[in-house]
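Two complexes follow with chain A in common, the first pairing it with chain B and the second with chain C.
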Partner chain A sequence: MFELPSGAEIQSIVATLQSNVGFFIPEIYLSLLFMFLILLDLVVKGRKNNILPITTLVGLAGTLFFIYQQHALKAGELFFGMYVLDEFALFFKYFFVLSGMLAVIVTMADEQFDREVKSMGEYYALIVSMVIGMIMMASSADLMMIFLSMELVSFTAYILTGYFKRSPRSSEAALKYLVYGAVSSGLMVYGFSLIYGLTAETNIVKIGAELAASNPNSLVMIFATLLILAGFGYKIGAVPFHFWSPDVYEGAPTPITAYLSVASKAAGFALLMRFFFVAVPHGGVPIENKLSIDWKTLLIFISIASMIYGNVVALWQKNVKRLLAYSSIAHAGYLLLGIIVIDKFGTQATLFYLLSYFLMNFGAFYVVTLIANKTGSENLDDYRGLGKKMPLAGAALTVFLISLVGLPPTLGFIGKLMIFSALLAKGSLYIWLALIGVMTSVISLYYYMLIPLNMYLRESNMHDDKEMNPGILAQALMAVLMILTLYFGLFFTPLADFAKYSSAIFGAVLH
Partner chain B sequence: MEQLTPIGLNHYLTISAFLLGFGLFAVMTRKNAIVVLMGVELILNAANINFLAFSKYNGGMAGVMFVLFIIVIAAAEAAIALAIVINIFKIFKSVDVSSIDTLKE
Partner chain C sequence: MLSLIVFLPIIAGLIILAVPSSQKQIIRIVSLLAALAQGVLAVLIWKGYDPALPGITAGPGGSPLGSFQFVEKIPWITLNLGSFGPLNIEYFIGVDGISITMVILTALVSAIGVLSSWTIQKQVKGYFILYNILAAAMMGCFVSLDFFLFYVFWEIMLLPMYFLIGIWGGPNREYAAIKFFLYTLFGSVFMLLVMIGLYFSVLDPVTGNHTFSLVAMATQSNFIKDAILGPDNVMWRYVAFIVLFIGFAIKVPMFPFHTWLPDAHVEAPTPISVILAGVLLKLGTYGMIRINFPIFPEVFQASLFVIGIFGAINIIYGALCALAQKDLKKMVAYSSISHMGYVLLGLSAGNSEGMVGALYQMFNHGTITAMLFLLVGVIYDRAHTRHIEKFGGLASYMPVYAAFVTVAWFASLGLPGLSGFISEALVFVGAFSSVTTRYIAMVAVLGIVFGAAYLLWSLQRMFLGQRRPDAAYDLVAGEDGHEHIHFHDWKGKIDLDGRELAMLVPLMLITIFLGVYPMPVLGMLTSSINKLVEVLSPVILPQL
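And then the complex of A and B:
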């Protein structure tokens, strides 16, 4: 059944591999950085030492250079259809490297690590390995690569979530994350096996062509679709695959919570968009095409459920990290709105929204970390009177929360505006979706504004009006993030242009 | 003597569907974290049988390669999972998933 390749064929395979390595330089560089960090950890000891995080930062910044060089390369498939290099993948490469850098910076600021762990060990190396995994998730064009890169991200995330080994909350979060993650990725692989059975292909471009040409059994197709959506939905943290996220976000170390809620979610969206746009056939005769109908309808329901559930349940939260976890479920719903319109503008809007989510969510978690350093608490009640004690932190957190609600003049407003206008441009069915989006944003206003309300208008129980200073560097970074959120809210054209440039997905025909 | 039906694709698919069902059943009903992880292994092996069967009947090599990688991933997953479960046991003195619930609304 399987013949051995001839000598000439082996020669050509080796030649392809050699020529394609040039397209793979950032990933190779990051892998080397990962190994170097593990070795460096043996030499450098102690938490107080800043050599490891600074090496990581410099190393990740170096990656940006290699990614920038890739703009000159031609978009296309690499390694026999396993991997893809296109503008869409480049966007996410920048995104993940930058979020890795921010995760390192937030870690350096977090004093909880001093209390919980003796040495940082392989922590930074694991952050780099997660960057590699997410970059590969955004660039995979084959079911096997999708599965492998997703598992690389998941495994690293389990370990990082449970990094506070002696803390019950952190360990419990790791266990819950592990159980949900393992089950949903197992289901996803079962769905992949059904798709492979129907099409005899593992490359998503070929799967798309095969599914469009043949008319597969709709029952099997629905089953496979649901199973695969379980895997993707778990990564993006959308209802009904969200059960892990509040517990994990609350229990994990705060920098990892920020990292998971921004980068890991974005990786899930990158994967979902590539798979949904390329492997699932669209257009043609939509009524007869069972798979296309099901994906879109399912995504619409998931999106509505996420927006309503995330925003409503967040109303009762007392822990700020848990509150932000529910808000991130809701944001997964908003991001899905940009995907279901299946056109260029919708893709651009989703990418832009991811950028704005990156700034405002990392900013919010950074301030939460700084406040927890000083007060030792993430409870909403302990935020009372903080506006006077930490003026800059209070102002910055308020800006990030206004941006998360989606009010002008912040970046979050432009993001929501683009998503909703992409919906409205498509016609009547989508007006209802946009309406639900706006209504749930109004609900979200209440719980987001509880935090500034506590900070500014309610008096602290402890009557010491001493100012708390989180340190000059931390304040500078906080100010930079706040100013960027405001600046890009007014002058958003460069980001919007970049998102438009990045909406070219290899193998997808969008209008 | 009656002829037995030759084993075909649908036999493999039936077995794998049963395995998937058993795996999901274990995940949903069992309280012990280790048994839940065993359920996950069953789900992964159900996918493995599917891939091998389809690979045999489609005549491609991709399914076989996929299975090799799934086996490796499952081993890595077991290693990480057991490390986390051992840590849980050290802290909570139990691996019962329903009794580990310090994180709540």
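And then the complex of A and C:
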């Protein structure tokens, strides 16, 4: 069945690989950084210092330079259709590297690590490997690559979630994450195999062409769609694939929670958008193709369920991390709204919303970490009177939460504005979706405001009114994140332009 | 100049941010100076205002100049949105007859609010920062001519208000604060959707791009025929009008969306009540006049009767509720609901008399209610209770206070010679001359009777007669042989002190002056109102 390739063929394969390596520099660089960090860990082990995190930060910052250079390259497929390089992928490369850096910074601020673990060992190397995995997720154009990169991200995430080995909650979270992850990727692979059975292709561009040309059995397609959505839905944390997220977000170390809730979710969205827009023929706007309609309808249901479930269940939460977990389910719903419209504007809105979510969610988790350092608790009741004790942290957290609600003058408002504009640009077709979106965001106001309510409106049980100072660097970073959230809320042109530039997906035909 | 009047409080807030929180007096003085500077600017704007220019819609050639005044129009955000062309949001402010009265009112009430805040002792720095943000946002709302800008200012008001009620409020403040926040946000998110819908439906006649400009939206020929809120989409235009109306009605507050107001007022500290009643409620009716009605004139014409009914319900229901209150502040809060009903009734008349009356009533209600809440605050500071039954015979012990209360109360019930009379009379003249609202007006007149009842009754119980056995104060025999009043743990002057007089005297003078000679305000309103009535009249809507 298989013929051995001839010498000339092998030579051409090698030549293609060699020429394509030039398009793969950030990934190679990150792999080297990963190995370097493991080696470095052997040398500096046992000493309490910041060599490892700072090396990681510098290393990741270096990646930005290599990514920047890729803007000059032409968008296209690499490695025989395994991988693509396009503006869309570049957007996510920046996104993941920056979120990796922020995860490292939050980790450096988190004092829980000092108590829970003796050495940070492979922790930072794992963060880097997760960055690689997510970058590959955003760039995969082949079912095999999609699966491999997703598993790379998942496995790293399992380890990082359970990094507090002696904490039962952390271990429980990791186990739950693993079990759910295993089931959902199993389902997804089954879905992939059905698609392969229908089209005999693994490259998503070719799948798209094949599905457009042939008329596949719609029952099989719906089944495959559902199975694949299980995998993607798990990554983005949308209802009904969300069951892992509250427990994992609560049990994992806070920097990892922030990292998962922003970067891992964004990676899921990158994959979802690329697969949905490319593999589904004509970018999902066909004339007589049931497949795409089914995709869209399913996504609409998932989106509504996520917005309602996430926002309503969050009302009863007493733990801030858990509360933010449910809020992140709701935000997955809002993000899906931008995908449902299947056009350039919607893609731009989704990417923009991801940027705003990046800033405000990382900001919120960062402040939660700093507060937990001082109070040792993430319970709402222990936030009482914090507004007086940590004035800047209180103000910053309030800004991030207001941004998560989507009130001006914050970035979150513009994110929601873009999403709803994308919906209403379609005329009256999606007004009801926008209505659900705005009504659930009113609900979300109540639980987000519980945190400022405790911080400012209630007095602390403890009687010492001493100010707690989280340190000058932490204060500065908090202030920067807060000012950025406000600044971009008023002058968002650069971010929106960047999102527009990045909405070009290779192989997708969007209007 | 308009930008300055909007952002002065923000500048003051930034200065306060740099002042250490122990320097309470400096913080207060900075706020006061900013408020006074705002007042000076308001006077300058008033002096420079040309009442002949109409406003409401664009002037000749589609430009706001020649119609609006003190216009500042700078591109703020320009984006490329793919196939939808560029998104243009402008920093676009200006005043016409409708907004200039509100600008003056805001400057006046803000300054009085700062004076009234002098007694705040808890977290003074945070208080004044939030207060200044609130003052800037209110002013911004009244001068915005770009819907996006308006929305941003509108929403910025919510958070400071939440904290001002929630931190410095009374015992039940958490509930009142979040209730206020949720109610108003619920109204405004629908406004957001309508705003987006309007953006896609309206073209700027000058540039040909989609626009958020309220000036462009006020001209029906700028709408795209088949767009989502274009003239062809009758159903969605009705829906948009209704949700927008509800959003503003919550702020007014109109029955049945009024329940947040008594809670918020009772819990809020005195200066915040003054701001809330004096300015914030007007934003609701102002929004209707500026946005809701001119953009959907045909729906407005169709719903005159309904608006009138709601206005009448507000008038009578608010008055009846006020009659039943034992808490003086709650009574004043319900009287606010009742008086905002006159504004709605005047608007529903749809003619110049009614509209002028409505706007004049907005201005007068601002000054009179500010006075009422200040006077409630005066007695609450001294007696730590607002229970009407806990007083009696105050007139003989606090004569100056009693005199002010009497004038304010009479102004509120609409005694001729005081400003409230003229506006209410105009509202009724308008309502009677419109066929739609004639019968509603006949019923609503009852509200004046009820209004007189609760105001006079409370006046009688608190100020006339003798001290009650369970009163909130004691009487001690003075050295001069007369009895003097004594409040527990009140160290200050028994009757009104200098600061309180400084707040009340200007308001009182304005009330009396505008009751005798209303032309300074009416003169500014008339040309704009005439233009508004023209825009709203069904004759000029042939394309519908």
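Just so we're on the same page, the second predicted complex is superposed on the first by the 502 of 511 C-alpha atoms of A that agree within 3 Å, B and C clash if a C-alpha of one lies under 4 Å from a C-alpha of the other, contacts with A are read in each partner's own complex, and residues count from 1 in each chain.
Assume a contact is a pair of C-beta atoms (placed from the backbone, for glycine too) under 8 Å apart; a residue touches a chain by one contact, two chains touch by 3 or more.
If you're wondering where the values come from, they're calculated on a predicted model, not measured in any experiment.
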### Task
Could you tell me whether chain B and chain C fit or clash when both sit on chain A in the superposition?
fit
### Message
A:456 in the overlay: touching chain B, chain C, both, or neither? Say first, second, both or neither.
### Response
second
## Note on the structure
For the superposed three-chain arrangement, angle chain B-chain A-chain C (C-alpha centres, nearest 10 degrees) equals 140
### Task
Pick one for A:408: touches chain B only (first), chain C only (second), both, or neither.
second
### Message
Output check: A:441 vs chain B and chain C. Expected answer is one of first, second, both, neither. What do you get?
### Response
second
### Query
Looking at the overlay, what does A:492 touch: chain B (first), chain C (second), both, or neither?
second
### Query
In the superposed arrangement, which partner chain does A:345 touch: chain B (first), chain C (second), both, or neither?
second
### Message
Applying the document's definition of touch, where does A:173 land relative to chain B and chain C: first, second, both, or neither?
### Response
first
### Query
Looking at the overlay, what does A:18 touch: chain B (first), chain C (second), both, or neither?
neither
### Query
A:424 contacts which: chain B (first), chain C (second), both, neither?
second
#### Entry: Minimum C-alpha separation between chain B and chain C after superposing on chain A, in Å
24
### Common interface residues of chain A - those touching chain B in one complex and chain C in the other
none
## Note on the structure
Seen from chain B, its contact residues with chain A in the complex are 16, 20, 23-24, 27, 33, 36-37, 39-40, 43-44, 46-47, 50-51, 53-54, 56, 58-63, 65-66, 69-70, 73, 76-77, 80-81, 84-85, 87-88, 91-92, 97, 100-103, 105
## Note on the structure
Within their complex, chain A touches chain B through residues 1-2, 143-144, 147-148, 151, 155, 158-159, 162, 165-166, 168-169, 171-176, 178-179, 182-183, 186-187, 189-190, 192-194, 196-197, 200-202, 246-247, 250-251, 316-317, 322
### Query
Hey, which residues of chain A end up touching chain C in the complex?
343-345, 348, 388, 398, 402, 407-409, 413, 416-417, 420-421, 424-425, 427-428, 431, 434-435, 438-439, 441-442, 445-446, 449, 452-453, 456-458, 491-493, 496-497, 500, 503, 511
#### Entry: chain A partner contacts - residues on chain C that touch it in the complex
77-84, 123, 151-152, 155-156, 158-159, 162-163, 166-167, 173-174, 177-178, 181-182, 185-186, 189-190, 192-193, 196-197, 199-200, 228, 233, 236
